[in-house]
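Down below are the structures I want you to see.
First chain A sits with chain B, and in the next complex the same chain sits with chain C.
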Partner chain A sequence: MRKALFYVPLAAFLALSLFLLSGLFSDPRDHGSALIEKPLPAFSLPDLQQPTRLVTAADLKGEVTLLNVWGLWCPTCNAELGFLTELRQQGVRIVGLYYVQPVDAAFGDTFDINTLRLDVQDKLAEQGDPYLLNIVDEKRSLIFDLGVTGAPETFLIDRNGVIRHHHVGDINPQNWPKIQQLYQQLQQGGSDAP
Partner chain B sequence: MIAEVGHLALCFALALSLILALFPLYGSYKGAAGPVLLARPAAVLLFLLTAVSFAALCYAFWINDFTVAYVANNSNSLLPWYYRLTAVWGSHEGSMLLWVLMLSGWTAAVALLSNSLPLILQGRILGVLGFVNVGFYAFVLLMSNPFERTLPFFPVDGRDLNPLLQDFGMIIHPPLLYMGYVGFAVSFAFAIAALLGGRFDANWARWARPWTLAAWLFLTLGIMLGSWWAYNELGWGGWWFWDPVENASLMPWLVGTALLHSLAVTEKRGTFKSWTVLLAIAAFSLSLLGAFLVRSGVLVSVHAFATDPSRGLFLLAFLLVVVGGSLLLYGLRMHAVRSQARYQLFSREVLLWGNNVFLLTATLVVFLGTLYPLFHKELGLGSISIGEPFFNSIFQYLAIPFALLLGLAPWVRWKQQQWQPLLKPLSLWLVGALVLAVGVLSMYQTPAANLALLGLLLGAWVTMATIGEIQQKAAQLGGIPGLFKLQASHWGMVLGHLGFAMLVVGIAMTKTFSVEKDVRMKIGDSVELNGYTFMLSEVYALNGPNYGGQAAELEVFQHGEKVTHLHAEKRFYPVTRAVMTEAAVHARLSRDLYVALGEELSGPSWALRVYVKPYVRWIWLGAILMALGGLVSLSDKRYRRKAAVKAETGAKAHA
Partner chain C sequence: MRLNGLLLSVLLLALPASATEDLLQFESAEQQQLYRQLTAELRCPKCQNQNIADSNAVVAVDMRNKTLELVRQGQSHDEVIDYMKQRYGDFVHYQPPVQLSTIWLWLLPLLAVLALGWTVFRRSDSSQTAVVGHADEQPDHSDLDAQLQAMIDEATAANRQQPKE
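For the complex of A and B:
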């Protein structure tokens, strides 16, 4: 018994190696989101251009859409604007979900949607505007429900408002073809897709 | 041409490491002196050849030789010369070359400094080191050759060094860290040599101790610098992220710390033998595992090098041979070894055992937290991530018993200690610690600061108990002059423990009292934070050698008086198209003022992040103090004197 005890470290190490071996052949970035194949969570958030108008999940239905989480504060998102604008010109429907960073009212910070609108307009005029509309998530509630870990992230949503793909990081000419395949499938699939 | 010289030198080095792995081990197996005597010159030559190879790569960077693929990918003609040289280890291939340079450096150091060891043992130690060397040289040459050419179509200019790495901290962080990782190979070689020979006496521990101390010292400084660098360069004011690669460096450190304490027991009392050997194997195995995790791409991390499954496969195979082989040897040999020493429940042995238990629990927590997402996914259970709250809460609970034991252990004798004589002095020091902790906290007027109170209490307890122990020693040795009789390693322990106290206080205070504010500011605007007024006085365009961007100047006032002037930058590196934050930091022992410049907004105005972080310096100063403790311990005369005595008796035994 005592003798066997001295082989425990070896056994533990061999078990670990098995995991490391199988881990070598899978992509750590490829993490399935718990939301895939689930409908978009319910929300009701203001449109950046007309803050009095509230956008809901129903507004995104009807056409295959890319829901792009972004913010002015995020350099990668800004770098992505150019390519997304090209996609819009090719006819891809892109809706922005604006990630508002937390402000602390105790320090006198305030969030002002009108200032944000002007800032966003400046930026998009300069870099290109890929967005059909921008949803402002001031309290980050939808962003939380979607399980967003950072920006930029993009969700591919089918005609019925079901999330079909979750992409972490920027969309660029290198990784677009993979998403495009699914996008075209969904478009051709018509409205009878689940 | 020079690059080919470097490549060739590396090939010769691989051949030499093969000689080093085979002949001395064969010689010590057969008991023949000849092959063993080959070890020393082979080890030294191995280091010299690697140095030539490393110098060749440095030269290629120096002259902007973009026909070398690695140079073209990691440098640029506009890069200042000092960053061109540090770019040598800025990416995978070059950092592996640095790794083997250090490995051969440690091997040569062991060869030169182990004169006093019995010849057979020298052969075993150097042979095992040679074996480790073979693996890494083969990996460099076959899987990640830094001397590959881009000929005939070479780029006119290079792709530039990752801007994150263009910083002073980055110049010395990887070398120190690698010195630590690779240094544990020496402790490992001593352990394997002991397993091969079947001798685990106090001498073994005494020889292994200074090497382990040296490796631990480098690792401590390396981790400290990494944390300091992240704080200055990443612009979020954080100093530890529980990133998989940070964790990969923390695990060998925790086990190495446990090993240092366990070696003390084995040296002084001749017990804990199998335990110490296992820790020595584990410390190096975790260094190797770290290298695997960083370079194979099984985990997502900000540090991960470009991923390539064949590299990962090679490293995994190497890991299996080295770690699997040594653990098998451990199973075969170790069960026959019995410890003779007897000790009571309340003795220093048991308290040091407690130290090991807590350090290893911490290692296990980091290990599971780092690899659990991998296990989870490979078992088909989907992706999960484990974040800061998991690590922070468990470490917080582990710190309590650990610090309590740490204060107590130096007071307790080996073998057996009566608790009555300790009761009075220790309770006095405990009351002192309570008064100190509550006193410091009362200056902050926040009764709800549990974490800060806990940290201050633990820190004050460790400090008071350590001072008390010195005072007790002084009383025994006849006053303050008697303290000069204390061994250097005792002072090393004192410094290390005080460093730990400082670290705990720093972490708890920073976590509790840091305040931050995201603001939008125009020129002339000011913002108030924790009694400091930050006024934005100027923003102008930057014009660096290989970057542009903006710089902001801020004036800081407190009670109407100017405290300091801050200069924060946001750099844009056009070649790599990367944006970098150079935070402005004004450091004092009691607090840091920290400003990071963000995006330019319309107006014109700027987004800024402003922090006041109390005691954050203490975290790094604590780590430096620990490393200093290691250095002082290393200077202890007995590591040299007794080794010399043993050499004599060893020679007699041979005669």
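For the complex of A and C:
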């Protein structure tokens, strides 16, 4: 009994070390998403190409979709465009959710969707256009309802408009295989999947 | 003592740094108090360990604005926390919920205290039984004193019986 007690501090120390060691390999940005297995929140936001047309959650249903939160102001998103374009060529359906940063009215900044459309057109012509369409979230309302913390972030949405995966950070050739697996599962699941 | 005073004055200097609140209008002092409490309790999901009152990340600013909006609508503390949790998850509140995965936060300290108490108890118990008779507790010296006295008496008696040669 005494001998066993002698090893307790050592065991506790080792357990603590292992716990802290595992922390070194964890991603501090990864703290789960509250929206997994929940339907896409209701929204009605303008399409970047035709601002008079309002896109709703129903428009995304029917096919497995990647909803990619991005913005021209975000360097990682721009770096991601090339790879996402490759994915589009492979047949992945990608919808952009444009993250508009707050404008500082005090500095005379204003938001103009037409200027944005032209800027985005230039950028996509240069880097590749992965998007079927772009939803512009000027007030970040859908972005807020989705629990987006920044850009880029990507949601995997199934045929029924249910969020199946929330990826924080860019999608690249290293992490795509994991997401692709889920994507293919959902595609094969058929339209009768729950 | 002087060092304490110095530290305190440095800490007091740091107070205004966290009090960067814009000029906000509230209907009542309660709402203002609630807003202050909520922005201190809600954690910025983008930053590493800052509350939303303390951060100027876009998401923290948006969360502050939403908090303000909800507080002005007259929502309670728990309603606002739930609203945020539905979107940003449990991570967003500094008070973790009691769940199967978080129960160890409460159980572990309790178990540690119990285990420690048990060890201490066992230890004092066994030392009492094992070390009885040794000079561990206040030993009773009257026995030894009596023995010593007897030896002295014996020696002096022997001395008397053997006069000088």
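Definition applied: the second predicted complex is superposed on the first by the 162 of 194 C-alpha atoms of A that agree within 3 Å, B and C clash if a C-alpha of one lies under 4 Å from a C-alpha of the other, contacts with A are read in each partner's own complex, and residues count from 1 in each chain.
To be clear about the criterion, contacts are C-beta pairs under 8 Å (C-beta built on N, C-alpha and C of every residue); 3 or more make two chains touch, one makes a residue touch a chain.
Quantities reported herein were computed from a predicted structural model and do not represent experimental measurements.
Enquirer: Looking at A:Leu14, would you say it contacts chain B, chain C, both, or neither? Reply first, second, both or neither.
Expert: A:Leu14 sits against chain B, while chain C stays out of touch.
Enquirer: Mind working out whether A:Gln101 is in touch with chain B, chain C, both or neither, as first, second, both or neither?
Expert: both
Enquirer: A:Arg140 contacts which: chain B (first), chain C (second), both, neither?
Expert: Only chain C is touched by A:Arg140; chain B is not.
Enquirer: Looking at A:Leu118 after the superposition, I want to know if it touches chain B, chain C, both of them or none. Which is it: first, second, both, neither?
Expert: first
Enquirer: Classify the contacts of A:Lys3 with the two partner chains as first (chain B alone), second (chain C alone), both, or neither.
Expert: It touches chain B, and chain C stays clear.
Enquirer: Which of the two, chain B or chain C, is in touch with more residues of chain A?
Expert: B
Enquirer: In the superposed arrangement, does A:Gly23 touch chain B (first), chain C (second), both or neither?
Expert: Touch partner of A:Gly23: chain B, not chain C.
Enquirer: In the superposed arrangement, what residues of chain A touch both chain B and chain C?
Expert: Touching chain B in the first complex and chain C in the second, residues 5, 28, 31-32, 34, 101-102, 149 of chain A appear in both lists.
Enquirer: Under the stated contact criterion, what part of chain B meets chain A in this complex?
Expert: 274, 278, 281-282, 285, 292, 296-300, 309, 312-313, 316, 319-320, 323-324, 327-328, 330-331, 334-335, 371, 374-375, 377-378, 382-383, 385, 517-519, 527, 529, 577, 579, 598-599, 601-602, 607
Enquirer: Using the touch definition from the top, list the residues of chain A that touch chain B in their complex.
Expert: Interface residues on chain A, with respect to chain B: 2-3, 5-7, 9-10, 13-14, 16-17, 19-26, 28-29, 31-32, 34, 72-73, 75, 79, 101-104, 107, 109, 118-119, 122, 149.
Enquirer: In their shared complex, at which residues does chain C touch chain A?
Expert: The contact residues of chain C facing chain A are 45-46, 48, 57-59, 61-63, 66, 85-91, 119.
Enquirer: Could you please specify the touching residues of chain A with respect to chain C in the complex?
Expert: Within the complex, chain A touches chain C at residues 5, 28, 31-35, 101-102, 140, 144-150.
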